Amino acid sequence: MKILIVNPNTTASMTRKIGDAARSVAAGGTEVVAVNPADGPVSIEGPYDEALCLPGLLTEVKRGVADGADAVVVACFDDPGIDACRALVPVPVIGICHAAMQVAVQLADSFSIVTTLGRSVPVLEGLAVRYGMAQRCRRVRAAEVPVLALEEPGSAAAQQVRAEVRAAVAEDSAEAVLLGCAGMADLAAALSEEFAIPVIDGVAAAVKLAEAVAGLGIATSKAGLYAPPVPKAYSGTLSAFAPRTP
Amino acid sequence: MKILIVNPNTTASMTRKIGDAARSVAAGGTEVVAVNPADGPVSIEGPYDEALCLPGLLTEVKRGVADGADAVVVACFDDPGIDACRALVPVPVIGICHAAMQVAVQLADSFSIVTTLGRSVPVLEGLAVRYGMAQRCRRVRAAEVPVLALEEPGSAAAQQVRAEVRAAVAEDSAEAVLLGCAGMADLAAALSEEFAIPVIDGVAAAVKLAEAVAGLGIATSKAGLYAPPVPKAYSGTLSAFAPRTP
Amino acid sequence: MKILIVNPNTTASMTRKIGDAARSVAAGGTEVVAVNPADGPVSIEGPYDEALCLPGLLTEVKRGVADGADAVVVACFDDPGIDACRALVPVPVIGICHAAMQVAVQLADSFSIVTTLGRSVPVLEGLAVRYGMAQRCRRVRAAEVPVLALEEPGSAAAQQVRAEVRAAVAEDSAEAVLLGCAGMADLAAALSEEFAIPVIDGVAAAVKLAEAVAGLGIATSKAGLYAPPVPKAYSGTLSAFAPRTP
Amino acid sequence: MKILIVNPNTTASMTRKIGDAARSVAAGGTEVVAVNPADGPVSIEGPYDEALCLPGLLTEVKRGVADGADAVVVACFDDPGIDACRALVPVPVIGICHAAMQVAVQLADSFSIVTTLGRSVPVLEGLAVRYGMAQRCRRVRAAEVPVLALEEPGSAAAQQVRAEVRAAVAEDSAEAVLLGCAGMADLAAALSEEFAIPVIDGVAAAVKLAEAVAGLGIATSKAGLYAPPVPKAYSGTLSAFAPRTP
Amino acid sequence: MKILIVNPNTTASMTRKIGDAARSVAAGGTEVVAVNPADGPVSIEGPYDEALCLPGLLTEVKRGVADGADAVVVACFDDPGIDACRALVPVPVIGICHAAMQVAVQLADSFSIVTTLGRSVPVLEGLAVRYGMAQRCRRVRAAEVPVLALEEPGSAAAQQVRAEVRAAVAEDSAEAVLLGCAGMADLAAALSEEFAIPVIDGVAAAVKLAEAVAGLGIATSKAGLYAPPVPKAYSGTLSAFAPRTP
Amino acid sequence: MKILIVNPNTTASMTRKIGDAARSVAAGGTEVVAVNPADGPVSIEGPYDEALCLPGLLTEVKRGVADGADAVVVACFDDPGIDACRALVPVPVIGICHAAMQVAVQLADSFSIVTTLGRSVPVLEGLAVRYGMAQRCRRVRAAEVPVLALEEPGSAAAQQVRAEVRAAVAEDSAEAVLLGCAGMADLAAALSEEFAIPVIDGVAAAVKLAEAVAGLGIATSKAGLYAPPVPKAYSGTLSAFAPRTP
């Protein structure tokens, strides 16, 4: 099985970290291909960046599935563009926030999330509502670290994340904690051990869910929201994205 | 007051119809500027088109506000990119679906929606949940007419929309009906009269709400979700979109 | 356009303040008529006062619409009697709590409310549920000032309101704050500026919404909840309220 | 124990029927006093009538508790004025809609409601939301019979109610049916037997709940929403309603 | 009327306390029979104990109804096995958590719960969701006292419960407090008086509700979830539990 | 990896079918062990059977984990005893209803469920609420076939299931269908192909999720609801179930 992981920002060091996290949990027969777009924001922090990562994300998803991917993971915790990706390709598409939440509620009754910046808190609260997890999500906490600070050796970012995990346990009575940024993938194991509760990295959760869903041999439903794009013209610089008649 | 209306698809005839609908309800002192992007899909039908209208939409919003717009209306009933637009500019940004729902619940206890294609039904059901309108929305109905069929003189599209409005009254006991596509803006008045209930066009609703909110002189909150984009690099063909330090 | 604003308590000084707040945001062509009933409570603090303001409120609404009002604003943040008013008259009827919430979610993702007395907290929490705003409303806070203290020059009431607005920003991460009493209408602008987030007065919000909805030329739906009262006898001292055959 | 039942409309024949229904289920030691106001609508059909029954209702509640009632039942299925009554008096106040729903979910997993007119459907749907019963309430059905038709011997009203009960069983898979008008109190037993499911009359349910709650010897909480009315002046014809300092 | 109260754990001293609490509120003509199973856990703390109390509970319910009980109360605040009991017997079956919540919302707008151990907090939060009480339940608090500590004379358990009741009033603005364990039945009256709000014991609430519902003469609906068990074989040591053809 | 699948009823032919379905989707390195209890109901149809399958289920789970299982699947679509199992053992425990719903929302926006008997409809509706899937679940349909009819060669059961799947597509616009009984595991593939939408068998979904969650190497949280049972005595015939001090 071949799983395509798209980091929808353009920072290659983060893509490598995500790929490593993915491979560390992938099953024996799973090939992990981790890519990022050439075009778009270097990090995704809030809805403006999220909107503008989409052309690059869709380009990579289309190419990767054409190259034989059996499932796609979108490796940004805001789950950008999931519906568009599902409409574009027949194989399962998994967002890392949704995956982390689904795994969490198999292991714990409630969870808190630790994300990067305060502006992402309402984004993740909104996803919790959309995914039917509002009753399970105790609190979304911001460590107030920029995404790319997680890439800098020696930064205080990891310690700030740890402080919020500690607070989630102590103040929220959370039974599990989700790390709300793909760039935190390397922190989960140590935090899980230190706090003796599940600390869940979305990348790892999504890789395993992708293996699971693709392993069932069932394709994405094309009967409604995820029907293939209607063939039509696209104008100007985006004409290459125009959906073709199948 | 100057209101910028962005039709996020690239079909100029639809932009003209939207502009006409807007001007027909605008207050005396309101200037309406209706535009569409040069780049992107000719119509928006489902989440793939919705994702790829965003660069064009954001370009028009940025330019229009730089040119003095006091408020922005995004004229697609899927409300694409609203959060990104709100982060990008300080003036109020109004989506036509949200506006139509807000007006509806001031005039009626419940409503149904008539949209174009079946694939848009779950999109609008999702917006109803997000906007806290799930209890008020009786049913989302698809007339199964492509968006651009609404632009063709002599097509059966208007009759199909009318049939669904009739069904909403008879079967859903809806107290009001929302027309779920900006391309239906010219049908609202006649249907309102025929069925003796509010039949609400989102473009008109959004123009009046934009006047209302902008008239209060309060800007979009920059304290959380709508904080200005963090200054950073954007790679490749999207570098011109990179947020600048203010 | 003529907008009738009914302060449903009988304190004339408060009616004047409300009228002034309304006129300060009304459009050029809008005539604002602010009235209060002759009969009923001098202030509305809790459900008992709310019940007994209704005969006076309905009397004023009926008279004002007969005198040509194009829309009605009910200027008490508990939104008393809105459904009864909508059944009684064909023109739009707007409550200031609902209006403030609708404006808030066009400018911010979440809000807190600062009201007068603790007993009003559950009233406003209940309205948030009814209006589908429970997910958006972070917290309802009571400044613990009686309504009429807001009318006394030199009282500490304004400072207590300000302290709760500050707490809403600091503790609730609210992106906007609603002032939960028509008597706070004169405080909004200064608080908005001081705290650099939208601080929304319901009277102003409702006037602009009333202009918006009435400007669409659509009357209240008479197809269900807001059908005209069934003609029937009323006994005793209330016989003058008996609905007539149209 | 003495239970005051207030029929908030002014139709004495209906008050007698309600009193009979109450006495038929009351415990041995329970005295039932059924009254109606002298002033107000002859029937309550929609929010306008509901608003104007309140002065009469509050008058009767105050008098009845002063005369020694240990609990109060408000016998209109729209549950008008419950919060105001609870603030006014210390003894438990029970609405018949809330009571019927509470009894229903002790005997069945879901229920439908059969009410009088279509305009009451959204009222009862709203109460289901407020009472946390939205998931349990399959459907609210209108028999389209005026309230007072239930008082006319030989009218078809009872047959229309029966037809809707049958439909609730057949089409809604409802496990129980609530009769949504105090004037249907005499129909419950026969319908229960005919359809072999609980058919619940709100008056009977409320009498038994009133006995239960009053029997616990716990008064209404005065710590928040139901705090006694703040002492203040009432103007004009309503001055007799002014709350006094205790 | 004869009410069977089943304490689903096997601690006889607790059964006696529960029986005493029940008799102290029962009506004159009510006979209270309080029993506990011979087989099962000595206390119920968490879902494992809850699962294994069910055979004993069902045995007692079947026997008690065969012996003439008119209603059944299950006296554990986790409401274990209620649906199974309702399917097994025709008479009303009342859980003490559901009963306490129903009584609370007749006397107060919101409540908090004080339970024994932290592991029970999510159980009760889950019941609040299931019973439609999530909006009314401010907070579930754990006194961190084992169930059987409530049986030990001189233990600090009662003081720890009292401290949490105090916190519910001060920090949660709860208008009422529910005691979340049948073993706290003897504490309610004194706490109610001390804190001047309703402090509700579930056993007492359930006894009064059982009298109320049974007094209506309506049996549990057998039309859906509570249909009698399908006759079938049970294997091995549980064969005596096999449902018989009626 | 070793996955224990417990069919909580005692019908061995159904256990074999479940085991076959599990092995047909298990990964190369996964060992599937399918067992059923010796004691308990021969099929689970409604809450009474569900309660009495628990001792047998817990016995098998404890033994299977002692024998080295890395994850547990409970193969009854009512998800009986999941919380108790999670408290009892440290490895992940997956219910087939929850698993099927989680997989469904990765492949489709909405789904319907086809179950066996009408009495199971409210059970599954309740699980949809508990799992946050109420907005996604269009309808729960009963094929009205007893569980064991699915085991009889030549019965009409499969055709009745197929008829409801067809209705779910045609009437509910469901984008996917869940088969709501472990005994339907062998029907999913053919129905998926015939109706060209995902038709999901819970056993297969749960096996893949179990591989996924166990593959992450994270154990069930012991910080709250799933804390190990408190060591204590169990009386009488259930004494062997008494939790021991670890």
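Going in written order, the chains are labelled A, B, C, D, E and F, and every chain counts its residues from 1.
Just so it is clear, a residue touches a chain if its C-beta (ideal position, glycine included) is under 8 Å from a C-beta of that chain, and two chains touch if they have at least 3 such contacts.
Just so it is clear, the model here is predicted, and its values are computed rather than measured.
Under the touch definition stated at the top, chain C and chain D share these contacting partners: B, E. Counting every residue number used by either copy at the chain E-chain F contact, over half are found in both chains. Taking the mean Cα position of each chain as its centre, D sits at the greatest distance from chain A. Chain F has its Cα centroid 28 Å from the Cα centroid of chain A. Computed centre separation for the pair chain A/chain E is 43 angstrom, with centres defined by C-alpha atoms. Annotation for chain A: residues touching 2 or more other chains are 109-110, 118, 121-122, 126, 129, 134-135, 173, 175, 224-226.
Of all possible chain pairs, those that touch are A-B, A-C, A-E, A-F, B-C, B-D, B-F, C-D, C-E, D-E, D-F, E-F.
Residue ranges of chain B in contact with chain C, taken from their complex: 25, 27-29, 92, 94, 98, 102-103, 105-110, 131-136, 169, 173-176, 192, 196-198, 200, 204-205, 208-209, 211-213, 215-226. Considering their complex, residues 10, 37-43, 45-52, 54-56, 58, 81, 83-84, 86-88, 117-119, 121-123, 126, 129-130, 146, 224-227, 229-230, 232-238, 241-243 of chain D touch chain C. Listed in rising order, the residues of chain E touching chain A in the complex are 118, 121-122, 125-126, 129, 134.
Interface residues of chain B, counted against chain D in their complex, comprise 109-110, 135, 173, 175.
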